[in-house]
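This is the structure I have questions about; it appears just below.
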Amino acid sequence: MARELYPLLMFLILFLLLAAGVPIAFSLAAVSIAFSFFLWGPGALNILVSAAWGSMNNFVIIAVPLFIYMAYILQKTDVVADMYDVIYKWSGKLRGGLAIATIVVGAILGAVSGVVAAGVIGLGLIGLPQMLKHGYDKKMSLGAVLAGGTLGQLIPPSTNMVLYGCVTGVSIGGLFAGGLVGGIFLAFVYIIYILIRGLLNPAFCPSLPPEEQVSFKEKIRALKGIILPGVLILVVLGSMLNGVATPTEAAAFGAAGALFIGLCKRKLTWDIIYSSCYETLSVSSMVGWTMIGAGAFGSVFSGLGGNTLVANIAMNMPGGPNMVLAVSGVFIFVLGMFLEPGAIIFLAVPIIIPILTRMSFDPLWLGLAFNFILQTAYLSPPFGLSLFYLKGCAPDDIDIVAIYKSSVPFILLQILAVVIIFFFPSIVMWLPRYLGIGV
Amino acid sequence: MRRFGRFVSLLILPLIFEIVYSALKSLILNKPPIWSFEISLFLYGCFFMLGSAYCHMDKKHVAVDIILHYLPPKGKRLQRIFSEGVVLFVALVMLWVSIPAAWRATLIEERSTHQTPFNPEVWWYRWIIPFSCALLSAQALKDMMIAILKRPSRTPEIREPGQ
Amino acid sequence: AAKVNWRLVTHAMPGTEQQHIAEVFCETVKTLSKGEFVIEPFAGGVLFPVFESFDAIANGVVDAGLVYSAYWTGKDPLFTLTTQPGNPLGTFAEAAYFADKLEPWFAKLYAKHRITYLGHAVISPIREQFMSVVPINTLEDLKGKKVRTAGFGARFYEALGATTISLAAPEIYTAFQTKNIDAAEWTFWDENLRMGFHEVAKYVIDPAIHTGAHENWPLLVNPGRWDSLSQENKDILLAARDVMRYHAAMLYVLEVKARQRWREVPGITIKSWSPEDEVKASDVGNALVIEECNKSAEGKEFLDIYRSTLWELGYKDQAKKLGYTE
């Protein structure tokens, strides 16, 4: 069999194992084992141990269990329920208020941390049960969590943008500035979508029933319940943005703060502290092992000549600049169906971006557009990390198919956003230009 | 396994405490404790690695169970056996490869690559990998035997309040 | 297809000038062997985390590597000596001369850990850069500052009164931006432009005081794979290594140009320490080197090579301070 086909064969076998219901982490690991062993011999099996050791020594992802623990505590001490009730009251006749709040919270979490797992699982534990409780459509609720939780890759700080900047030499500050407005723009696109769906179909994301709508005075009174969590968010955000704390430290403050709020509300019991521990363990372990599997799979894929495959396709792209741009975009999107964004940045970006830059596309704009597309990789079936993270923390009766389906409209919205910034580049470029970085 | 998993899960509490303490000390005295960085890594690594068997026992390792819904009981059973077989295979391979790695680390008394002034020994931390994989293999083997012998798939658990 | 297929890993980011040198190396091997010996280069982090390269080469996950020796202090404390705080060597030629002198010493050290050392491939053309977000103009200013560094640098800056932390490359930018660190020591002008550090760190000390020019990339191979090569392929590999050495020397030009670009960035202040501070820092560094070397027989061997090289190259005062006797 031609060597060039091995990378494709890897995708195929991964797909079969996933379809057979083998846990994702172990499907990825099993494919890596088989290919590394048969092609490079038994020594190469160490790639899996390397991936595990790498995860065990990655300081950035410590934020994941900390955020998850915070989310469990906030959820179990009813802090979240109170907050969403307030938002529900405030949104009054507005349909989709809770989904919009979820997107906004996602953007805020994204500004605190660059780790997608933390965002998605945080929202999955905080926002999802509340939306379902208030009668929101399941698909809409899941989609809002996925899309909102993944926003952190566009809104700085973002590990993917740093990697992208280092690999292509594009200004990281420029990417951050563009990503900030780009992320907010994308959040607006999501919100408009939610509003439109709400208008078209009242049952989709119902507003407060008229008999429960309250006066402005009562709305103000309702705010009392969210003073403490509000302060918590301000402290965590503020400490991060002022450089007092790293994202990991901010997450630890968040967890400690959640325990503190629980105490103040007299809702915190030993049982809540304890059960949150082992529920956090299950989800974190799932995330950690999925990262190990994805790491090993990405390694073996690259090692098998994935680069050559990418380069061959890139060199043979048809048509003028815009055609090449479109084809590369589609190509990155397709890779994103099977690989995680970090792997794509290392694998395809160093090959494709120089070609496009030579065609006189603005490097910073290209970087932003590609980071939009890379973000879809988290959401696109069959292999999307955000999808799996959400499955890991959602109620048992929500199956992966429902999550797959819920991601589709939001993937389309992201693609729409890329098209919009193609025709109106200044949407993402004005801030970098205004600040004079990277342009 | 359940008791062990729950014990491991408590590691999150010292992790929170340790990071908050270090950050505050760094903020107030402008000098974080030198051990902060590695101790957080040790706690986190032990937490998610040793927890994998517990996670697997509760079937919390996410799977794409699309086809599963349409399978007849016998097919479901075969699927179970196959799936557990793959997990067992992965765990055993990792076990097999990670023991020599941990052993070599022990011989050279390996220290941290992070090059902090603390510079702790990390060879013992290498043993967390084979240890986790051994636990995971045991769990997968047990689940596979249950599926093969067709006993009731899980003994009903006593759910604790608040769960 | 080729008779020999190898995979080689580096610690450089994909797309960088350094990675380009690795690609030239592989291309040279292919050309010289008429396509019979093909090496595929992989940038750092593509196959596995950079810090896994050591085990990967020893275990044969990859066949060869171009990775900084200072990363392996955890495997063997002797790797600490990859850099020497206070080292005065400032040019490629001097540092290459020193690296050649050290070749048997490093070969023995790597062999102990199941890796074959084939000499230096890339020597840094100038000293590292020391960047900060607050002005650090004197040694006194350094006290209490939080500095990102690695290897011997950590102990050196601690000895000078700073607090040190270790951060991976992609984290440094954000750490600067959020002022989580005050200063960082990180490779060279050209790479630092690419990493965007000129956007966030407005103060530069040139030259950095930690260490002089030194070996950045050794050529490392898996012993089994090296032994199985034909004599011809072995010769080809070494010839291609020498081509890399030429390109490494030419990095100097990039550095000069990049330093000029740094100077032209508005709002950037580039300063040097006073000669008194340089001597003071260098003395602190010498003391640490002596202390480290005296820990083992191999260390003492290293110290002999180090100070006699300094003596030969005319750094006689410093050689004496390190205990050199005529």
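Residue numbering begins at 1 within each chain, and the chains themselves are lettered A, B and C in the order written.
Methods note: a contact is a pair of C-beta atoms (placed from the backbone, for glycine too) under 8 Å apart; a residue touches a chain by one contact, two chains touch by 3 or more.
As the structure is a computational prediction, the values presented were derived from the model and not from experiment.
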| item | value |
| --- | --- |
| Selected interface, B-C versus A-C, where C-beta contact pairs are more numerous | A-C |
| Central chain (distance from its CA mean to the mean of all protein CA atoms) | A |
| Centroid spacing, where centroids are CA-atom means, of chain A and chain B in whole angstrom | 23 |
| Distance from chain C to chain B - Cα centre to Cα centre, in angstrom | 36 |
| Sites on chain B at which at least two other chains make contact | 37, 101, 113-114 |
| Sites on chain C at which at least two other chains make contact | 51, 55 |
| Interface hub residues of chain A, defined as touching at least two other chains | 46, 53, 57-58 |
| Parts of chain B lying in touch with chain C, wherever the complex brings them together | 30-32, 37, 101, 108, 110-117, 119, 122 |
| Interface residues, chain C side, partner chain B - complex | 51, 55, 71-77, 113, 144, 146, 150-151, 154-155, 158, 163-166 |
| Contact set on chain B toward chain A in their complex | 5-6, 8-10, 12-13, 15-17, 19-20, 22-23, 27, 37, 40-41, 44-45, 47-49, 51-52, 54-56, 58, 60-69, 79, 82-83, 86-87, 89-90, 93-94, 96-98, 101, 113-114, 125-126, 128-129, 160-163 |
| Residue ranges of chain C in contact with chain A within the complex | 7, 13-16, 40, 42-43, 45-49, 51-52, 55-56, 59-61, 169-171, 173-175, 177-180, 194-196, 199-200 |
| Chain A residues within the chain C interface of the complex | 36, 40-41, 43-44, 46-47, 50-51, 53-54, 57-58, 60, 114, 156-157, 159, 162-163, 165-169, 171-173, 176, 240-243, 246, 295, 299, 302-303, 305, 346-347, 349-350, 354, 437-438 |
